[in-house]
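Questions regarding the structure given below will be posed in turn.
Labels run A, B, C, D, E and F following the written order; every chain starts at residue 1.
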């Protein structure tokens, strides 16, 4: 897996290619500049340290002042950060830095909206593995900054028996029993169920967590009552398009939303150089 | 820059981590399975070869049949592809493959809508460098599959003098003259202008392409008349939120839309195993 | 983290350097050879597929026949595998392949001995993170082949609050409560305790697993009674030097042994070419 | 081949995975801590700079004071080094740092014992290529710290004609003559012999170094007399289990011991945080 | 593509291998030294910053004073730079640093000669893609330092339809029309022609640049007249062996010379340590 | 160090960048083609397998027939190899493959000339470490194909005490004695001498090899007599510009020529597609 440092390296390499021809051919090597990152709309800012590290990767002598902590609400017109240093360095790093910052802020903003939507209920908003390839560390961090919680990071740090596992292993019972025998004892076992029959089987075999997948609100309500606290309950299935308060009101412990990370709307942020 | 092969490697490494515990602990090593990729909504499918390569990276013995060419419209319920082979391999590759396929198809779908919107005009829809870090090759390919055209790939293969370059180099004239002198003769020179004064300067200094940035439709119409075919014209600036037909009707040659790639809505596609 | 494929690449690069001068200067390019892997002592064989992959990395045309499954007992004199192909390829891959095979078989052999020692009790033998850097995947696999079970793989897939965490966070209670709030809900929480006071606190705060660290057998016996099934219990602390049956007889669920992987004695195996 | 820097990177990546969940969820980001590395048994300490570099890789602001030079004898209870800085950084680096330090110190300790065993003779203790994959630089350094000498590093920097080379090339004479013709003139030529006939052939063809493989002490004594200073002599073959003084007394120049690096017993060292 | 930083890393790794044995075994770890880079012949110096970075990669504490800017003429006996610091570091970096410096200076020197040869004409000297693999960034920089201009960097940042493309696509017309339709609008289109028929076709289809390949001076003269300023003209084909002034006198805009980078003569430069 | 496989990967990545725009935009995906590699001048061909591997890296389905073994003389007009397959693949790989093939053949050709020049003497032509960074394996192979021999590969596999080592260590005697004590016993010790005083010292301290650096032919003759067979002798110092037969006639064992690899003239070879 790419470290964040290597992700920045690859992202810059992708955008700069064999050299920033426009900048190299138009800006003197010794020119200095400074610019402001300005919010062009309201949102939850997230990713400022990564953004800074993009500039520092290009040129360790760049100065980058951060005006807001990640996870804080900014409003249209706010100066989020100020960057200064060699003009070529700033111009070369600009787009890569913004691409990351706008993406992460977009996730934090959407997550915050979901968290606000379930206020007053006990439901936590959690993410999924439906993330942008190579950006999971940053995206899960953005979910936390938005006020959400993280589900398992990858296939190694959680047991989640889904529809296709059940088909391939024969039954929920077989799958759970094998997981309990073969997986490290440090992991809880989660089972995805689509109806009450599956729910009963999952409860009988002692699943630690039960995912209620694509159930109606009515059915989820019943399911939570049936579970009766014996397992953690998680609502799932196109939650990005649902009325989250209604879902939360069923009493589920968790609502997992793939759209937080698979359908991101970048937050509008720009970098404006100051005329010297 | 990551090759597509290395991108798949890193994406899988990120999602699989130290091993797919659920699958390894619940599915026998010798179990076989097969599944169908099903469109859960209408859209333009894109990325099927990359999707296949994810499975082949995990297990070269997997069979993957593609039912549609990239760039083709599929409808809800269509079986896009069929995959079969070792059950563990299929389960381990599933999420990474879907994450890429859904993302690329989302881009192709949105691009197609934009292309349809300007039908009957001469305007081409083009992408930008506002792409997801490490996915630019795949995203620009998806734009092409959607019917759009590609702008420059990175900072090395096009000269585009933007606002901050103009600030840092002093004037449009200085910037263009330096670019003409120092950049390879194989590249055209594009200038971003925000008003008619800048437009005049760009035309006087002989810019090959002129980007009309954040202009009203009214002003764009005037600008196109002023340019009078001496340069290629490109409309730009939050084009994702504009009435594209109206913009195209100004007579611009190109409309560049950052949102095609910075604000992607994943197309809904699922993989369903068949019960044997 | 290095994949097994990359580990083989790096290991060969380390051993071959800029070329196997002895082989290149003394053996004709077209010479063929074959050789037998022979057990020079009794033990549990492990790592034959990795061993084969080392040869295949050097030369995909090498034939490698495996005579025993990983995890099987072999005796002095047994022919474990037979390799044949280009003589230069075999000679160049030999040492790297043997280094890995002997190391993994050493671990499997020692693990099997530990598993045999606790036969008749309910205790499982588990490994630790005291592994050889860059070999954890292979070493944890060898532990499984020896009949042991795996503890968490790394710092991301298990919560284990140890002495230094307790010092740094203030108390067991604070640490567990914070872990429950901040860590993914899919992970169990384990606490290391050194005395009965700590044990009481860990139980009160609801630890899922309790590690009894460096306790006397007498104290472990009492601890297991106090726990009374409310948590999983794990014996730990220089278990490599202890009477494992005695430890297991205290009723603990798990015995974790760092020495399985930090103090490996290579199993004696050699490769003998046949005179043609 | 991995540089030491890249080895540290990979080792940490293996152990930390996608993040040290326990530490991140239980320790405040701003907490400071300090701890002592304490010898839990007597031994030769080795690897303190690498150990320090692990901490610095995680966090360049960590302070690491080294109390002993590599290669020095420490006793049970000695404080070998003191580390201080951000508590999260220390906890995250701890295990990887210790794994390397304990392994290298184990090698130095065993090597020192072998060197002591042959004191008073002219024999030097040398290592082999039976090292842990990806750790050869560190392991050969540890052998030097223990007082041993290094044999060739890899297949490129020495000509050593072993049993399988002789089988594949036809004869000792053919092999040596080809090596002399084809290998760089800067390398000496060593031949492995198992009996007096082979010894005679190796001497006749002018081998620079002769390895006496798996000979009895009696035979080695005779062999040394036969060689009579014409070649360097090296005793080899399970030397880890032999009476080294007896072997050295035969008059051989070198004793090479694979077990120095293939069967390492980690030295017991722990890191204890101080309660603030 | 290797970054310059990674190129230095790989070059040092290649030359240093597992350690600079001569230096480590003969020079004390604490010895200091200083040395002068001396021109052993006249030439255009180029690559001093890369040369310095090689030393800094080995040891960040080395001091490296540069006496001349890249692209400046130096004469036999001039002290180009002075390096000082740890003696081991200097000795280990010396050869790799010189190999790069001498190669780049050789290119700059030859380019300068070509530029001088066409003085008084309008022709620019340009490079090609016939560069040393993995050194293109450095070689194209050396061409610029010598006074030349750069042609496209790679296959992605220029459209150049050569003989084999014409064969494979059917005709110049087909190739140019397809390029105009499918390639990014930011790139000019160049066509290689070998005779007047091809020249006519290239002009008719509107090629932006026309490469006159392997034409006689007489024919080039005619071709330039035929083109009449409608396209940029480029002379090509073993230009390294031609009378460049004569070629330039035909009126071509560009002369591209593969030999600038494919047949480099290293400039003679040495590093001499001062006796302390 | 880059493996040859990784060198090919990096070289292609450098030349192809983000895609071969010309080929992709002008040649149909399904077009087939074939072409001949033709010698445009006489020379020693070298590197055909690497050349083939470049094509196979781009497209494993390409067919590449080799007509001559590496090291064989080819004449102007000879068809060296024939390649066929997908037209896009051939066009994309062409330049990188030729750059390597022409460079290696240039080295083999020049080496052969040097070997021919000393025919009838006992002197061997050897290479140096003055190679092109990242190409040493290929360049040393080309020297062998040309009939030369290899000197040490890198700083790890030979002890060569040069002028700057002598300055830094104090004296030839000190340097040699330390090398004998600290370097692996498998390496010979070479000393560079510039005059008879140094020669005497090197002989007294028992150097295995003596490099006569920048001596006149007269002095070399005397030096060889003084050495009298006690050491191997190597002539060195701008040997690329010397009368090699005269140098060889002094009786030296080796003549090392940096120019073989630092001042390469590419052999002229082209790839011509056949019109179908």
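The criterion applied here is as follows: a contact is a pair of C-beta atoms (placed from the backbone, for glycine too) under 8 Å apart; a residue touches a chain by one contact, two chains touch by 3 or more.
All values derive from a computational prediction rather than experimental measurement.
Asker: Tell me, which chains sit next to both chain A and chain E?
Answerer: Common contact partners of chain A and chain E, which must touch each of the two, are B, C, D, F.
Asker: Counting C-beta pairs in contact, which chain pair has more, A-F or A-D?
Answerer: Between the two chain pairs, A-D has more contacting C-beta pairs.
Asker: Can you tell me which pair among A-C, B-D or A-E shares over half of its residue-numbered contact pairs with D-E?
Answerer: More than half of the contact pairs of D-E reappear in A-E.
Asker: Taking each chain's centre as the mean of its C-alpha atoms, which one ends up farthest from the centre of chain B?
Answerer: The most remote chain is D.
Asker: Where the centres are mean C-alpha positions, what is the separation of chain B from chain F, in Å?
Answerer: 45
Asker: So, what's the distance in Å between the C-alpha centres of chain E and chain C?
Answerer: Computed value for the inter-centroid distance: 52 Å.
Asker: If you average the CA atoms of chain D and of chain F, how many Å lie between those two points?
Answerer: The computed centroid separation for chain D versus chain F comes out at 34 Å.
Asker: Got the chain C residues that touch at least 2 other chains?
Answerer: Correct list: 1, 13, 17-19, 136, 153-154, 156-160, 184, 187.
Asker: Could you tell me which shape the graph of touching chains takes: line, ring, star, complete or other?
Answerer: complete
Asker: Inside the complex, what are the residues of chain D that reach chain C?
Answerer: Its residues touching chain C are 1-2, 7, 10-11, 13-27, 31, 33, 35, 87, 90-92, 94-96, 98-100, 102-103, 106, 129-136, 153-165, 167-169, 174-175, 178-179, 181-184, 187, 238, 258-259, 262-266, 268, 271-276.
Asker: For the complex, give me every residue of chain A touching chain E.
Answerer: 13, 17-19
Asker: So in the complex, the part of chain C that touches chain A is made up of which residues?
Answerer: Contact set of chain C toward chain A: 1, 126, 149-153, 156-160, 184-188, 190, 209, 232, 253-254.
Asker: For chain C, which residues are in contact with chain B within the complex?
Answerer: On the chain C side, the touching residues are 1, 3, 136-137, 153-154, 156-157.
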